Every structure is written in structure tokens, then in C-alpha cells.
Amino acid sequence: MRKMAVIGLGHVGATVAYTLVSQGIADELVLIDTNEKKVVAEKLDFEDAMPRLPYHVEIKTQDYAELKDVDVIITAFGDIDASVRTGNRFAEFEINTKNAVEVGKKIKESGFSGVIIDISNPCDAVTSILQETTGLPRNQVLGTGTFLDTARMQHVVGDALGQDGRNVEGFVLGEHGNSQFVAWSTVRVNNKPITEFFTEEELEELGKKPAEGGFKVANGKGYTSYAIATCGVKLAQAVLSNAHFFGPVSTYVEEVGTYVGYPAIVGAKGVEKVVSLVLTDEEKAKLEQSANYIKEHLDSLK
Amino acid sequence: MRKMAVIGLGHVGATVAYTLVSQGIADELVLIDTNEKKVVAEKLDFEDAMPRLPYHVEIKTQDYAELKDVDVIITAFGDIDASVRTGNRFAEFEINTKNAVEVGKKIKESGFSGVIIDISNPCDAVTSILQETTGLPRNQVLGTGTFLDTARMQHVVGDALGQDGRNVEGFVLGEHGNSQFVAWSTVRVNNKPITEFFTEEELEELGKKPAEGGFKVANGKGYTSYAIATCGVKLAQAVLSNAHFFGPVSTYVEEVGTYVGYPAIVGAKGVEKVVSLVLTDEEKAKLEQSANYIKEHLDSLK
Amino acid sequence: MRKMAVIGLGHVGATVAYTLVSQGIADELVLIDTNEKKVVAEKLDFEDAMPRLPYHVEIKTQDYAELKDVDVIITAFGDIDASVRTGNRFAEFEINTKNAVEVGKKIKESGFSGVIIDISNPCDAVTSILQETTGLPRNQVLGTGTFLDTARMQHVVGDALGQDGRNVEGFVLGEHGNSQFVAWSTVRVNNKPITEFFTEEELEELGKKPAEGGFKVANGKGYTSYAIATCGVKLAQAVLSNAHFFGPVSTYVEEVGTYVGYPAIVGAKGVEKVVSLVLTDEEKAKLEQSANYIKEHLDSLK
Amino acid sequence: MRKMAVIGLGHVGATVAYTLVSQGIADELVLIDTNEKKVVAEKLDFEDAMPRLPYHVEIKTQDYAELKDVDVIITAFGDIDASVRTGNRFAEFEINTKNAVEVGKKIKESGFSGVIIDISNPCDAVTSILQETTGLPRNQVLGTGTFLDTARMQHVVGDALGQDGRNVEGFVLGEHGNSQFVAWSTVRVNNKPITEFFTEEELEELGKKPAEGGFKVANGKGYTSYAIATCGVKLAQAVLSNAHFFGPVSTYVEEVGTYVGYPAIVGAKGVEKVVSLVLTDEEKAKLEQSANYIKEHLDSLK
């Protein structure tokens, strides 16, 4: 049976949990947050919903020992207000470094041997800290990273062409943050390079939008929740069903020596394989720069 | 195709919309709120999610004219803080009377001829006002009413017996508010009367829990959202598919002369039929009392 | 993760498998049939479908050793032509006794310790043989039994009243075969006894329909598949999610000393509890008679 | 609300209908077949399933007049045995030309103005005849065409690389039949051209598999059903939700002057746009050859 956990029940974590419950994705669900009242309230709300749903999910709360035989943990702790206020997800770095170390230790103590999917920001850095603190193999700890930014790119490119975002392939790479970039050489629409649809100037404009998108949403509603939760759940499903899913996630990329948004194949054991892209020199430089930004922050902890 | 609308995009309305989008229930979705920034942000968040979802939903915003050919409107406006702070959903009566009149008029002007499912509180009163203001036939305007409270009753009774809430049938009747009551004579578990499982004292204790349940959740997380949204969506689906669904909703009950939580059959035209229950004298009295409480408030408007 | 198996890939077994694949219910699926060509073809057909589905399912074939860590096995072997031709599901008794013994032994050898849900006919007898042959505790081996016939009863009663079958509660009890009967004392619609809706004569007529229903379908299309597969999948989901689901299944009922269709609570370990009904004397007699019919056949094997 | 129809209830049509019912995709479903007994039996089987499903679907049978306000018709009539026996889908040409003309006329008489998705074989020719006979605009009549063959290509390429078929993009073009071909210049895996993964010889071998795949399945089980039904349903959903879905379907391609498998964008009005591909000369020649094969057959009717 599918046993899953969500750690951190803010807007994002709660939406992840709701998706897992309302669509019958989890059979057993462990909810953990420092705000005990919130966790208990969410559990009750889900259980009040259940007589109106076609699925049953066993919900447990606040018990790290339950993680021992969990298949997938989704971490979504943090202080989004800081990120939204400053327009920089590294505004959560200090608090979430502390959170990640604490949570990571407790996960380790539980004997957990599954896959962690981190949503907490700054995503790449927090994923890295969780991997180190839990001591799990790198492949078993990944982050949503630019999986969301790539969806935003697909959305804005699709919109600009009067098409659905799913008709757009390609990647946003780098930090799930301001140093991210669209690797336009990888982007294709309807089986054609993106350059057949837009001029370089237009691409430059379009290229800013994925990174801006998150703050546009956050400024309007105070946070982002539905798209990021959807991304987290999709990756969790890829792990549960060993889907060999190909997409950009925050994973450890040897070439740049850090966790960073880059395409990989995701299956039961997390990242099966990081898939090397053929990038332009400019894109390579941007990736390195973005990776360095993440590494500098991580180094500052030592 | 299924064209739906959500008016009021607070926690509940947004969760309703997310459910409709993430499960592909709506083909076209109109979102309306007085907070334009919030609506635009939710739309973007949904559209950012779509490249990761298997469904496409056309999302439109802030345009009452779009309601003309909508199948189902879910209304979820209001000021939940007032209800939570006071522990009485009639704390929202003044503000939501105003909202309901405004929204109702605009719905009427749009030429809408579908079904309205009201979630806004105080649910029975607001549903009544929406019906009057829109001029739609009574059957086409209903509220979630005690559909949620009944789920809560199923949940707490199920829990007390170590069973799933779906094994419990029967109804919470009356106001979706403090004067509601469990009609224990209608409640059965595993094909047996509830009195085979609990003493009268135990039932008295259990009977308080559904009404308390909402505030327990709201006190823990500041509002309730998942169970109520699930109830609203389930009724909307019953309308869309003409499901002849039997359940307790806020509907106009002739015997007591007001909208109130009572079992009905719900189909394409809203309430097909109010189903008379055989109640005990005590239950009849409680229902009347609860109905009077609603009527008094509605009368105070005249 | 959810690992499931289907043994017997005729119309029913294949439909069960399609449901598990197309709705992403299973993560891993083991398919077994004596007709190897058929199994391989179904696997290919499912895999050809997958690029158009939102789910990934790992499909394995013909390997009993894979059952070791399977959560739920659904058995659907048999020779439906014999049943349809004769109008009696015991026409498959001889062949399926043989099948059940063979299959049961191989399940046992695999080290399987999950739950078996039997669909093969005559359902109650085959479920009994599977339990004996596998040596699994009685609760871990159940059959769809009158879960389907009860759905048929709900359907015909609902139809007669212009309502949805889900508005009808109550049970068909006894053999999943010609000696089954509707226990009208348990049947209720809209929270009222069925006798408020129909005369005794009408009930007598209606009562024949569930048993006839299967043959009506089978005569028209050569077999039945969709309703029975839906029943099997629903029970499997109840097991996977430990749903404490209350419904009529083929389970061992102490009072009558055999597997027979009777209400029970189904969870992770199969039948958690057989729930005693209060039946009329006539119903008790019918149940005993139906149970005896099953027992006589089972005794004839010794 | 979503009103859909399936004409032709063999293995494929019935599986399409089951998918629409079991996943709550249709609100109203019209089933039509020359074998009245079969249709009635399928309807009963679906209705027997409904009390165990979370969805309600109104099912109507054999009434062409009901098509008037249907959104999408899926046609799946034919004699698959002829195709399987001969290994050539044009073996059904004679019978299905007749069927298509009859069905097309009746659709026209009903006043239907929605979208037809044809599955019947030979798919491209039958789609063409349905378009002519119904007099509907070309965009409103499309066929599954090489949408299925492309899924098979994705499956076999994915398998050869130990990846999921969804990681493979590109197209099988031409006839949904023996003259189809993989346009390898369009095929990419993990954002790279297929030629980085396979030699030309290997591609030649792989290229035969999609066309063979159907017969491999059909030889093993007597027909194909799950993958083709899944393809038909996915296109129907694209129409219902105006998804602007990009994929290969059987559509009228001006350059080659016939219905043939080619990428298009599918939305509420059927084919929004045929998307021109940049093909190699060899691929262009193959496409023309395949188109000619279809045209010759269609010309033979005149």
C-alpha cells in the first residue's frame, strides 16, 4: 500500500495533502507540522470530507516514527512571507536551513529509506541540506526545483501562441529562484525549435516570465499553492509507480557540483539518471552561474 | 460541455475551483471575486498547474456576462473570520445579505438559468436571499446546508465505532449553524438503528459534535475548507450528471416555510423533490425551532 | 506501493486489469492466465495505451513467484460459457474446482500473505476452495458474492422508483447464484422501509430481477463484465486503503457454516468482521437453504 | 453537460463506453449498434455497475434523434475479424464503407453539429466517408489514425531504452494501416534526436514494430481494444475541454489531398489546425505513397 508523508502544512503542504486524499493517491498519510493545532485541524477537515469522497485514507499526525515505512515524504515547511516580501526565495534560507537540519535528523532517526521530494525554499539548497542531514543516497532526495518554473514557461509560451502549455517541451534550468533561466535551445513547440515562432527579442521578454510568474501569483494571493502542489504530487506519483518519468527537478548534477534544476529520469528510487543536455555556451555559463549562487549559500553554512 | 462558475474565491471557493480544475470536472470555469488581484492570481496558479495535469480547463475571470450559459454556480463569498471569531455563522449575516443581494442581481442580469449551489454563510438564509434575488425557481437554488454537518456526524459516529463514516446513514437537520441537530431516529449503522450502538446519554454527547466540528477545524486552521469544498463539488456533480442524488441540502421545505437542511433528491434541475422524513415529535420540534431561527433573521430584513 | 495481481484474463479479468491500469490504481500488476498468448497480448495492449494515460503501471506476466509480495489478488478464471449456456453458475463447478485447487496451490507456494478477492464462479464455492487450498486465514479470502447482485437490486429498485440505485440500501444474501434472495427486511430507500414503496406482490416480482439480471446481460453480450469488474475493483480498493468498507461479500459465516453472500466490513486484512443482520424467519430459512446448496456441492468434493 | 455517443459497440466501442462511464467523463451517453441485444446488455451492465461507482451517467440506446445535441460521437463499428484474419485493415473497407454511409446519413438527419471521432477501420478512409456523408466541415470529423500507432512507437522506443514511452516524442504518419511509417526525423527522446540513441539499422527494425504491434495484440486476443479505446477517449476529452491538444490524428491534409495520420491541434471544434512538419524527402515520399494508397481506395468507390 502507498504510505506517504507531508512535513510542513502551510498552504502548499495542505494542498498537497488534500490532493493525495481527494484523489485517493495515498492509502496512509502522515502529517507533521510544528503547529500542532493546524495539523489536527487539517486532519479533521480531511476526515469530515471523506464521507463525501470515493476514497479512504488513513491519516496519522505528528509521529516521526511513522516515517519508517513511508514510501515518499514531501517536505513543504518554511516561511513563504519572507520570500514574497523580498522577492527572493533565499530570504527563507536561514529559517529553512534550521528547519531542514531538524527535520532531516528526525527523518534519519525514523529509519526512513524511501524518497524525499522537497518543495521548501530555497529549494535547491534545502534539498541539498536534507540529503546531507538524512544521509540518504543523493538519488533518493530531490526537489521540485525548476519543474514548476518549466510549467510556467510552458504556460506562457503556450499562451503567446494560442496553444496549450503541454504542446511546449523544453526546460527552465538552474536555481528555483531568480538566477534560473529558460534554456531556449531545448524548447520546442509542435516538433519545431522555438526560434521558428519568436525573435530573439521576444524570447528575451518571454524568458523573464517564468521567474516572475511565481511572484505574480504570490503578490495576488499572498502565496503560491496549486501549481507547486501539483508538481510535488506528480513527482510523488512518478516515484510510487516507478514511472521512469523524464522532467526537470532539483537533483545533484556532477558537472556543476550541486543540487540544481536539471532534467532527470525519476522512478521508484528517486532520480534514476541525470540526463545530460546539449546546451549552448551561453546556457552553460548561466547554469554554472546559477549553480554557483546556490553553492555560495551552501558554503556559507560551513 | 460543462461550464461552471465560482463566485467568491476565499479559502473555500479557491479549493472548490482547484478541485474542479485538478480533477477535470469543469470544461470551462468562470471565477469571480471582489478582490480582482486574488482572482487573477488564482487563475495564473491554475494555469501554471495545467502542464502537469491531465486535464484542460478554460478559465475566465470577473465577467458576470459569462454566467448566461453556465450549468452550475457555486457561491462561496463571505467573511469567515466573523463566523469563527463569534462561533456563530450568523455573524456573517449582515455582510452576506448585502453580498447575496448584489451577486443575485448580477446573476439575474446575466440571464443565468442553471442551478446555484450556495456555500456562503449563514447558508440557509443566504440561499434564500439568492433565490429571491435571482428570481430563479426554488428548486434551482440550493445550499450545502447540513450536507457537511451530516458528513461530520458520519465521521464522528464512524470513529466512535471504529468504522468508516460511509457505513453511517442518516441526517443532521435544520440550520447549518448552532440550532442544527442530529435526527437520531434517521441514523443507522450497518443496517441497524443507532440505538443498538449507543445509549441515549452517549447519543446526546455525540450529537453535539457535528456542530462543534466546524469550529474545531476553524479554530485550528482559521477557517474550514476541504470538507465543505468537497460537499459543494459533490452536489455540483450531481447536478451536472442528473444523478438523482439523495442527501441533505439546504432547500425550501414547505412544512416549515423556509430554506433549511433537509433531505432531497438532487438532479439536473437542482432539487427534484424534497423527501419527507418520519421524525419523532422531539425532532419535529427541533426542526421547527431551527427553521424559526432562520426565518426570524430573514424576516428582520423586511 | 500497490502491487496487485489478476489471475484469469477472460472478459472479467481483463476488464479488472484495464480498470487498475487506466485509473492508476495499481503501481505494479501481475497478470496470469493459462492462455499465455492472451496474457502477452493484454500486456502489450495496456502498454500501448500508457503513453495516452496519466499513469504508469509496471506489468508482469505469468510469474507466480511475483505473488509473494502482492497486496491483493483478484481471481477471475473460469468458463463463463458453461454458466451462460445452462443458466446456472454451478455449471462451472467442476472446471473451476480444478482451477481453484491448482491456482490455490501455486498461490500458497509463492508465499503470498495478502488478500484474495475471488470473482470466479460458482463464487462462494470457489472462494471456499481457494481459502482451503491456500491455507490463508478465512478473513483474507473473500469473494464478490452478492456484492454484484446487491448492486443489481439497487439498480432495479432505483429504476422502479425513478431514483438512482445509490439511494437504495440493503442486501441480496446467499449464493451468488440462483438460490440467492433479496432480504427485503434490510432494504430501505430514502431512509424508509421498502414496504412503504411497494406491495408484497411487487416485491416478489422485483426480487427475481437481481438473479435474472446477470443472465439478461450475459444473453445479450455473451458474458457479463463491467459491473462485476467494478465490484471486484471496489473491494480491492477497500483492502488497499484499509477502508473499513461495509458491504455484502462472499465470506465465511459461522451460523451457516460456509462461504456465502453476507454483509461484512472489509479492510486491509480482508474481512474485518461479519456483521450479523436481524432477519425475518423466512429470510433466515432462505439463507440456510442457499448455504446448504453451496455446502452440498462442496461436500460432494470430499 | 457533456453528452456523448458511441456508435458500434464491439470490443472497442464497449471499452470506450466503459471508460466514459467508469471515470464519469460523460454526463449523458447514447449507445447505438446494429445488434440491439448487445446494446441493451451493455447498458444494463453499466447500470449494474453504477451503484459501485462514484459517477452517474444517463444512458440512452439506439436513438439517432438523440445525436442532435451530442458534443462528440465516437464511431467504432466494423468487422475486426476481417482485419485480423487478413492482416490488412482494408479488409473491412467494403463492409465499413457501407456502414459509414448508413451511419453518416443518420447522423446528418439527426441535426448533429458536434465533432465525430472515428475509430472504425480503415480509419482514414472511413473518416473521409463519414465527413462526406454527414456534410460536416472537415475539421469536425477526425479519426484516431496514427495516434495509436504513435503511442505504439513511443512504447517500443521507450522499451528499447528502458524508459517510459512518454519520454519519446514524434510521430507515426500516414495510413493507420500497413503503409504507415515512423517519421524518425520528428522523433526525439530526452530532448535529443533519436539518431543519438540508435543506428539506422536499428531504427529500421524499430520502425516496423508500431504497425506490427496491432496485429501482435490482435493475434493474441482476437482484437485490440484498450489502447485504441484510450486514444479515442483522450481525443474526445480534448474536444470536450477545448484542450488545444497537439497530436497525430487522421485529418484532411491539403498537401496530400486526403485524410491521413498527421499532427494537428484538436479543440472544441475538432481539428483547429493541421501543423506542417519539416520532413525529409524520403518521409515526404512515404507520406505521399501512403496517402495515395488511401486515395486509391476512396476513388474506387466513385
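Lettered A, B, C and D in written order, each chain numbered from 1.
The rule is short, and it goes like this: a contact is a pair of C-beta atoms (placed from the backbone, for glycine too) under 8 Å apart; a residue touches a chain by one contact, two chains touch by 3 or more.
Because the structure is predicted, anything quoted here is derived from the model rather than measured.
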* Common contacts of chain A and chain B? -> C, D
* Could you check if the interface between copies chain C and chain D is built from the same residues on both sides, meaning over half shared, or from different ones? => same
* Report back the single chain whose CA centre is most distant from the CA centre of chain C. => A
* How big is the gap, in whole Å, between where the Cα atoms of chain B centre and where those of chain D centre? -> 42
* **Euclidean distance of C-alpha centroids - chain C vs chain D, Å** => 34
* Mean-CA-position distance for chain C and chain B (Å) -> 36
* **chain C residues counted as touching two or more neighbouring chains** => 56, 158, 164, 166, 243-245
* Footprint of chain D on chain A - complex, ascending -> 54, 158, 162-164, 166-167, 169-171, 186, 188, 190-192, 243-246, 263, 265, 275, 277-278
* Touch list for chain C against partner chain D, complex -> 14-15, 18-19, 21-23, 37-38, 40-42, 44-53, 56, 147-148, 150-152, 154-155, 158-159, 164-166, 168, 213, 216-221, 224-227, 229-231, 234
* To do: Using the touch rule from the top, collect the residues of chain B that touch chain D in their complex.
  => 1-2, 24, 27-28, 55-58, 71, 237-238, 240-245, 268
